[in-house]
């Protein structure tokens, strides 16, 4: 609806900034700061692809880009994991089941799951980077036959920050995939697994064929450089490395300029990129 | 927040011009009292309370006994907001710290009686030099709309946001002629915005009464002021009018 | 293209008539202190078309500094309503470089996801262009702008001997001038062309505009970024006044009653320190030099690569509004040319 | 009823700044009756030393938020006197107008938000928002008008921006002035309504008198605010403000961080009632009639009536502002050039601020750097008078008991409208 002007209902119909409504259907605490949220879009499915994100709105507080953590599905539900770090994320954390949110999206590029068919997948995920990667991991597991070896590496700061612990347990026990994890420090907690940054897991991998494997790397900004160096040591070509980048974002539709790096808008041209396509960009990593 | 937050206002050494901005909210005062429960505000009402959800502190800390009072308030408050430049940085009161000695200051003001104990004073401090401050609302005086936006943000559970860009932005938005072009020296390029560039818009250079942005480029300012034949001391003096503590390197 | 003319006084009465008719807001250039701004006209007597440059470009009408996008009831996600204010307006006296900038903005807001909030305002506007009649010492538009003005203008005016030559560029423009005392033009095309070019630019970019994207690409490590970055206040004046800058921030504001809320967009700019700060506090362009380079790259490399037009229209506003005296693309490119260093052209 | 009274009001509320009331009476014997000012001293006179002449008003304006406009003018006048700078009629008119804006701002705020709750015996204005909504809306309307006047003329409601040494940095537009004038004319009815409300409550004003000396500015053209010489009821010829030290005679006492003053008697009073007592004959028609209606008809010795004089001055501020605006509408409003003629010298500036006469005095060196300063603040000048009023009032009213005594003493302090934070910096500094 339009104030004192002639564009009437049109703006309501066409505004790219108008959110739809979704309902919170379940919620679960994962760590001190991260919680899992399941939303229902009522009426239709979100229609996203693995690795895409959406803008979540809380009226009065604001909007934040959040990755969709569930694989594509026909029902109207989708999942997210959100870290309570500021105004919007805090407001989402204080929602109760049955409460509604606004949502715009899905936005951005996705992991090229079709192109990866018949190949080995190596997921290298750090901290909350597991959240977007999970949509691709679960997709690959649902279509297990389409992919050859699947390896998942996960690293986080300390045991208390591990995400999806139930699923991790399941992954560990599956014999059709390899799952390795590490923590930077155990920080006084009970931990009998690996200790060290994520790159320390790479040498543990055996028989990785860099020609037949795609590496999907998602994690905090600092992680990329070292992981890519490690992958290079394993003879990965840049065409076989896929990354998902984070930037400050406001609009999600390539206008506001915040996520721009060189001539690329991360919100539209990414957040998922082949490393080969962005390595020449001085501001990418 | 479920029920209305209990709010109290306190003042220390200052001109009380910032709380006056609250009175100047006019009809919005009524809106404010719908949003929060004002339980203590000495200038406006008789009454007090043991604990507060939000304590608003105006004024600078200049005496031992003030220090004890503010610590006590801090203990009884969930959130503590420093409002006005005196509370934020000591404000204009900090000027006395720049003088040779405090005894000299006291003598100049109280003459021979300067040593009477109740005239005691120590170097002016901003509130966060004594207790933890959750949010700052800068300005001499505060901008009443900024004050409201902070109160609203807190009521909604949002982090209040105070601009971290210079006054120039707001000055350009108002399409003012730059005062440098009129041969005036303006601190706008360093000063923290939020006031709507009210001084330059009224033809007067900015004195940075809201302090500076997080990372002011003082060296660049220095270069500019040098062109206007300012000495390092004069520049320092200019920048510290409202209690900002700059490190002008050179 | 039809070419007409009208005497200055007839043009003013024409505008007065338009103002009285109230079919659209009539906006023109007026004097403010010793400089000029675009402002809504109450009558034609404040109109000051003989101007050098305006403080802010006309973008403020299509992407207002603070623009309402949505209304809602706080806490009620079902209450979001898209809103827009796109009252018809006619903007009179836009110099050709500002028109070129509007062309750039139109593309940014219409290509990809179409932004109706901007586009509606644009569709409901009439742009009356004007060739500059007054010299401006920082202007270098001639060296960077081609024919873009005619892609967006509805009318273009050229001042000659106390008369305006009016080129009728669009149907909308033709409609708009109905009822004014516009008569047949009797100047030759050559005379008109000479008048268009009468006011000279002192400044020009030191390399040909086609070569700039490549040139910048090769000079990512040039010392200019450091050197100029050191002097930069991160004050954002240069991006705020730039007609081809359109970055924005989106914020939620609520009424004191907490019963009504608005989502607004406000001007933002890549020169401000926090522009690229992410939620975890990581700043992707932490250094002043990086931000300075990004801005120049955006004008001279990124926008040209995307839209095939130079992203700077040479208005000179940024140089004029920069307290540190570093912002102008001419100044930057000249410095780069003067300080060619070994190894920079990798 | 007991003959023991013990009152210890620590930090009296609804006044600006901090003040304490201590009364200790045993068996009818007075041990202690004290008005104490423990406000943190702020040392403005020392703070301006070493600052440039054009910064001094910016600094001293911060002595008091409520009187910031008055402080600005006293300061500018002193600086201009020190350097021999003459101001134009235009600047003078604008200053006077702005000063009336402040008077209206401050009096409305004080009478309605701080005193009226006393007369209605409630603890603050907040419950009145619900119980007396209409009156509150009337008050906010008037207060907003005063604020808008200050904003249009001064650039900001508090700590005016445009008032500079020798000039105004920006002019209001004629259109703004016309709108302002219209609103001022409309406000006359509101003021009359307000006066009615105050009249209906006036029964709550205690019956008490103590004759004292009343000090204010005076001039033969009008009821003085911006300009004039000093007058009291104890002298016949007005004295030039330059000799203010001999009139105020400040001294330091142990119960107060603020200084006290006296002239021809033990104490004197400044403020609305003092101005009224000295100049009431010059009030124009409307203000005079409101004064009459509120029971002010000539010299009055009841300090509580200071609040009534404030109401009268609100009407005067509006009456006179309209006149000044008329004058300005006939003048070309052109921003004047900055003063460049910097000289060494010393000067005194005085204006009437809401709480009474205010003096600033500065000395500058040849570079326009301030070398010494003295500010004498009206609230200060009243402290001694409050103390003596207290003593007389307590002795005469022992019978009313502790509770009412305490209440009435607080009310008396509020009647003086003390602006305590600004009063705590004075001096006796020796000028060479």
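Think of it as A, B, C and D in the order they're written, each chain with its own count starting at 1.
Here is the rule we use: a residue touches a chain if its C-beta (ideal position, glycine included) is under 8 Å from a C-beta of that chain, and two chains touch if they have at least 3 such contacts.
The structure presented is a predicted model; accordingly, all values stated were derived computationally and were not measured.
Chemist: Could you say which chain's mean Cα position falls nearest to the mean Cα position of the entire protein shown?
Modeler: B
Chemist: Applying the document's contact definition, name the chain pair with more C-beta pairs in contact, A-B or B-D.
Modeler: Result of the comparison of A-B and B-D: B-D.
Chemist: If every chain is reduced to the average of its C-alpha atoms, which one ends up farthest from chain D?
Modeler: A
Chemist: With centres defined as the mean C-alpha position, give me the chain C-chain D separation in Å.
Modeler: 51
Chemist: State, to the nearest whole Å, the distance from the C-alpha centre of chain A to the C-alpha centre of chain B.
Modeler: So the centroids are 43 Å from each other.
Chemist: At what distance in angstrom does the C-alpha mean of chain D lie from that of chain B?
Modeler: Centre separation, chain B to chain D: 25 Å.
Chemist: How big is the gap, in whole Å, between where the Cα atoms of chain A centre and where those of chain D centre?
Modeler: Inter-chain centre distance comes to 65 Å.
Chemist: Multi-chain contacts only, two chains or more: what residues does chain C have there?
Modeler: In chain C, 74, 254, 258 touch at least two other chains.
Chemist: Got the chain B residues that touch at least 2 other chains?
Modeler: If we look for residues of chain B contacting two or more partner chains, we find 156.
Chemist: With touch defined as at the top, which chains are paired up in contact here?
Modeler: A-B, A-C, B-C, B-D
Chemist: Which bits of chain A are touching chain B when the two form their complex?
Modeler: 60-62, 86-87, 90-91, 94
Chemist: For chain C, which residues count as touching chain A in their complex?
Modeler: Residue positions touching the partner: 68-70, 72-88, 108-109, 112-117, 120, 124, 220, 246-252, 254, 258, 261, 263, 265, 268, 270, 275-280, 282, 284-285, 290, 294, 297-298, 301-302, 305-306.
Chemist: Show which residues of chain C lie in contact with chain B when the two form their complex.
Modeler: That would be residues 32-35, 37, 55-56, 65, 74, 230-237, 240-241, 253-254, 256-258, 267, 269, 272-274, 288, 321, 323-324 of chain C.
Chemist: Contact residues on chain B for chain D in the complex?
Modeler: Of all residues in chain B, those touching chain D are 11-21, 23-24, 26-27, 29-30, 33, 38, 41-47, 62-63, 66, 91-93, 95-96, 98-99, 104-106, 108-113, 116, 118-119, 121, 140-141, 198-199, 201-204, 207, 237, 241.
Chemist: Show which residues of chain B lie in contact with chain A when the two form their complex.
Modeler: Within the complex, chain B touches chain A at residues 153, 156-159.
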